[in-house]
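Shared between the two complexes below is chain A, which pairs with chain B and chain C, respectively.
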Partner chain A sequence: MKNGLTFFPKGVHFFRVSMQLLKAYWQETLAYRGMVIIWGIHSIMVPFVLMFVWLAVERGSNSPYQDGDYILYYLAMPLVMNFIDCWTVFTFPEELREGYFNRQLLKPLHPIWGHVFEHIAAKAFQLLCLVPIVFSISWFMGDYLPDIDFSFRKIALLFFALLFAVVLRFVMNTTLAMTGFWIEHVETLNLVFNQAIWALLGGMVTPIETLPPIFRIVTDVLPYRYTLSFPIEILRGKISNGEIIIGFVVMVCWLFLFSLAGRALWRAGLRIYTAYGG
Partner chain B sequence: METSSSIVTRNLCRTFEVRRKSEGFLASLKGIFWPRSNFVRAVSGLDMEIQTGELVGFLGPNGAGKTTTLKMLSGLIFPTSGSISVLGFQPFQRDYEYLGRISLVMGQKQNLWWDLPPIETLAIHREIYNISQAEFRARLDELVEMLEIVDCLDIQARKLSLGQRMRCELAVALLHRPQILFLDEPTIGLDILMQKRVRAFLLNYHERFRPTILLTSHYMEDVIALVQRVIVINRGLKIYDGTLNELSKAARLEKILTVTFQSIPEGFSPLAFGKLIFQEGPRFQVKIPREKAAETASNLYSTGKVLDLTLEEAPIEEVLGELFAS
Partner chain C sequence: MNFRTFSLEFPRHARILIQFWKTSLVQAMEYRVNFMLGIGANAIDFTIGLVQYGFFFSVANSIAGWQKDQMLAFYAIFMTIFSLHFIVLFPNLEAMSQLVNSGALDLVLTKPISVQFLLSFRKLSFDEMGSFFTSQVLLLGLWATGRIDVSAQNLFLFFGALFCSFSFVYSFFLFLMAIAIRIEKLQNMAELMWSFFTFCRYPVDVFPRWVRSLFISLIPIAFITTIPAKALTVGVEPSTVIWGGFLAVVFLFAARFFWKTAIASYTSAGG
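== the complex of A and B ==
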């Protein structure tokens, strides 16, 4: 209860609060539907460009990825990116700067919940736009795609890998966002620690399996791979059971570490928060 | 009637670190390696006690520490030292039970969701504060009637006028019927008519539900209309705590005399009575010592040439100005 750290409101009305907030954020998302759709289209463009780049570059080389693998990888990527996309690193520092954080802090509900429901609502809407596009392209390129088995085991693994990826990415970004208590523009830190490194070590620029072995050691230890490449690797079905178990263990470790760091930053941040602005 | 203290502060202090930066390119460069900063005491040893159900005006010039105090009392910021107890809670611990019993109104973009109509914000608050549907309906009807916002509820908040938005903000802030209400400049930016409506509402609301209200305002009309007790602070220090009337008596050393002559008496000099404020033909306005007011008026009437004469109290802004100066 101390320092506003209680995560769940007392009693059983949390479900009703969640539904009401989801409804409100859904309406807000619809109010900015144009912007949300453009973001969705943007998240398709980059993987598609990269797909065609690698199809051109790797043709005939000894890469473990063949044409079909690249197509599958970069078709799955926009959907995974839609799930894991997180913008608290932009919105939270802005709330601090503009004073909107004050109103969140004065309510008997942890301010992070607002961000959680905002993400769920926006992603649900984006997914509605993305799924038809991605599936239409998949249908056109069906001849090039490798056969994928959709066993119950794989679907369950994929579900949990995605769920962990979403939570890990949210916690990572939100922890970085907490530095907004000390730094006015966290976006620049995000560019360095999240976007560029994440694009390379997360498997956006090129699939992790195509990186030189020395890079693999780094990608296996750092959290980036698990927030993007890992679910697609499970979908592709060429990952061993041992690697899957290690992947989940690494994710849980990072989740724990970032949660601890986030909690510490939150507590320390509130102590120095000056609540400027209306 | 037995009363108890809702708000108690003892030796409350809050210090802020303020970064300094000189003008120019070299100074900017130097500031990167050798940053300069100093500590500013926004609130300095504030002792305050407010009884349950009181409506208190919290006054002071810009930068006096009023808003900082409200932010500490509501739990937005930590005090540097000293103690606070509001309804028996330490606000900075942000106990949800505490947050469910207070409200802070600060500006017109505090509670309303910008892209949604106010009715949606009210519905969200209903869930967050766990208000039953029947209670919500009853309170909403009451607030809608008192604030006259029936036509605003289904319009996107961003499209409402300033006055409509402020009244909707108040409805949202009061929906959970807070026991403590912190109002920071509730009428700022509103036109005179709207200011009057907000004041009338606050008086009516306080009369009906008796919440403890701490109000800051630069509009003295707000203070005169709403509060009996005032706490005045300047540079973080409390310099007065008492009734509005006593404050006027304590600081108001002069009265304002306005006299209009049929024809100016021979040898009349306003400077003989006090400080001249203005002169327009046969009309003079003079600030005179309070104790000489009656005698001066009598002397002027005895000339037989006075067309009109009024004696007024100095505006309360000036009273506070004198208080701060002393």
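== the complex of A and C ==
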């Protein structure tokens, strides 16, 4: 590719560069630790409130979820949300607006990598804060939680489901962020496509497994479910093998589609980018 | 500026405020497409929030005793308060950290106007107008179709409770503004405000009994949305609203005191 912006640089050199970048972003995360911790608390609070809402709901007799299932679902959610959280849709357009992006383009590394390492560092730190809180609540509520078996197969599945969810969410958000080349404020698009619909069809407000069949057709086809509910469904263990396979296939399809779209937008965007500001 | 001079000079302040709001509108209109897009996106956001209740009630019969129509009224009232906070307070809170970090606050402090007043209401954000108007339409629709039955007493108590609600939101906001002066490192105070609103998004009746009584007696979460919504739909005891009013006064004075000490301790960013 032109001007050295190869997406996958080769060799030991790349490894050294990424280690350095990770270190730098880790320091930055530590500098803003107050903000990261506040954000972590916020991300626990939303599922926590929703858990109480569902426990207070007078359920019909056909509900597949009992109290324990809801508790498990909303306790696992902050952890999943921490993994999949992605904020390129805020930072990337800002780079474009403020003109920092020029600097990124000069570096001999694809600018996306900077975002990737920033996310890894911040999430690692947030996870360190979240895990003790979530585990102490689960210990406290242990009696109410349903039994979960942790076989090797399930842990492996969980790992891949989470990994794919993280990558899918990152690619989705970053693709949307690329529209920042044309649109002044991507945040409005993000609010609709990535937050409102995601909360609804991803399983945040209502666990996907409790939805009526008509809604299930929509949620199973769209990518949102796979970035939030899917790993938790695997953890709960009531999902059939067939459904898991279909889930992974749908995920890969969306990943492929969004990567292509993102790449196209990136190239077209670079061509029209005229660098305002300094 | 103390309260007495402020109330004497209120007309002047109001005129200045209107000028600032006009400027905000002009600034927002500069990006016309974005302006319209923001309002449109917001209306969609509001609608999706409504569909959420459809999802809820596809599984549930009632939420902690709240029926569907009552829940819709609850949502409309929540969105009214939430969007008003977004329109009037949020842009100012967002600007505050920036003012402190850049030292531009010095300039504001020298102006012959109430600093608290100016910094609290100076900017307007128009994105949430969509939510605000849609929730009014929803409330009116619920009332017009007879889904909520409002008596004169309930309406009176509702406005009383709503007034308490605004006071609490404002005191929390002022408290965060004061924190922004003391701690420069906090990038985005607005997120703390959202955490606070997370608890107000659903009726406090969903929480365990001890949390609920805490939210009514000391931490006024219940007064933000639950009490106004209850006042409108099923009615509340007047004593509850009176207690809310008392708490609101206490909170306003506490926030004001905290703000004054923070401003007094401000040492500028230097440079």
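Just so we're on the same page, the second predicted complex is superposed on the first by the 268 of 278 C-alpha atoms of A that agree within 3 Å, B and C clash if a C-alpha of one lies under 4 Å from a C-alpha of the other, contacts with A are read in each partner's own complex, and residues count from 1 in each chain.
To be clear about the criterion, contacts are C-beta pairs under 8 Å (C-beta built on N, C-alpha and C of every residue); 3 or more make two chains touch, one makes a residue touch a chain.
Since the model is a prediction, treat every value here as computed from it, not as a measurement.
Undergrad: Looking at A:I245, would you say it contacts chain B, chain C, both, or neither? Reply first, second, both or neither.
TA: In the superposition, A:I245 touches no partner, neither chain B nor chain C.
Undergrad: Considering only the touch criterion stated at the top, classify A:L189 as touching first (chain B), second (chain C), both, or neither.
TA: second
Undergrad: Which of the two partners, first being chain B and second being chain C, lies in contact with A:E28: first, second, both, or neither?
TA: First partner only.
Undergrad: Output check: A:I148 vs chain B and chain C. Expected answer is one of first, second, both, neither. What do you get?
TA: Neither: A:I148 stays clear of chain B and chain C.
Undergrad: A:Q20 contacts which: chain B (first), chain C (second), both, neither?
TA: first
Undergrad: Look at A:R271 in the shared chain and tell me whether it touches chain B only, chain C only, both, or neither; answer first, second, both or neither.
TA: A:R271 sits against chain B, while chain C stays out of touch.
Undergrad: Does the superposition put A:V53 against chain B (first), chain C (second), both, or neither?
TA: Second partner only, chain C.
Undergrad: Quick one: is A:L128 in contact with chain B, with chain C, with both, or with neither? Answer first, second, both or neither.
TA: neither
Undergrad: Hey, what residues of chain A end up touching chain B and chain C alike?
TA: Residues common to the chain A contacts of chain C and of chain B are 31-32, listed in rising order.
Undergrad: What residues on chain C touch chain A, complex-wise?
TA: Interface residues on chain C, with respect to chain A: 31, 33-34, 37-38, 41-42, 44-45, 48-49, 51-52, 55-56, 58-64, 127, 183, 185-188, 191-192, 194-195, 198-199, 201-202, 205-208.
Undergrad: Quick one: in the complex, what on chain A touches chain B?
TA: 1-4, 6, 9-11, 13, 16-17, 19-21, 24, 27-28, 31-32, 100, 102-103, 105-109, 270-271, 273-275, 278
Undergrad: Which of the residues in chain B end up touching chain A in this complex?
TA: 16, 71, 74-78, 92-97, 99-100, 102-104, 106-111, 113, 115-116, 120, 123-124, 126-130
Undergrad: Show me the residue ranges of chain A that touch chain C in the complex, using the header's touch definition.
TA: These residues of chain A touch chain C: 31-32, 34-35, 38-39, 41-42, 45-46, 49-50, 52-53, 55-60, 63, 183-185, 188-189, 191-192, 195-197, 199-200, 205-206, 210-212, 215.
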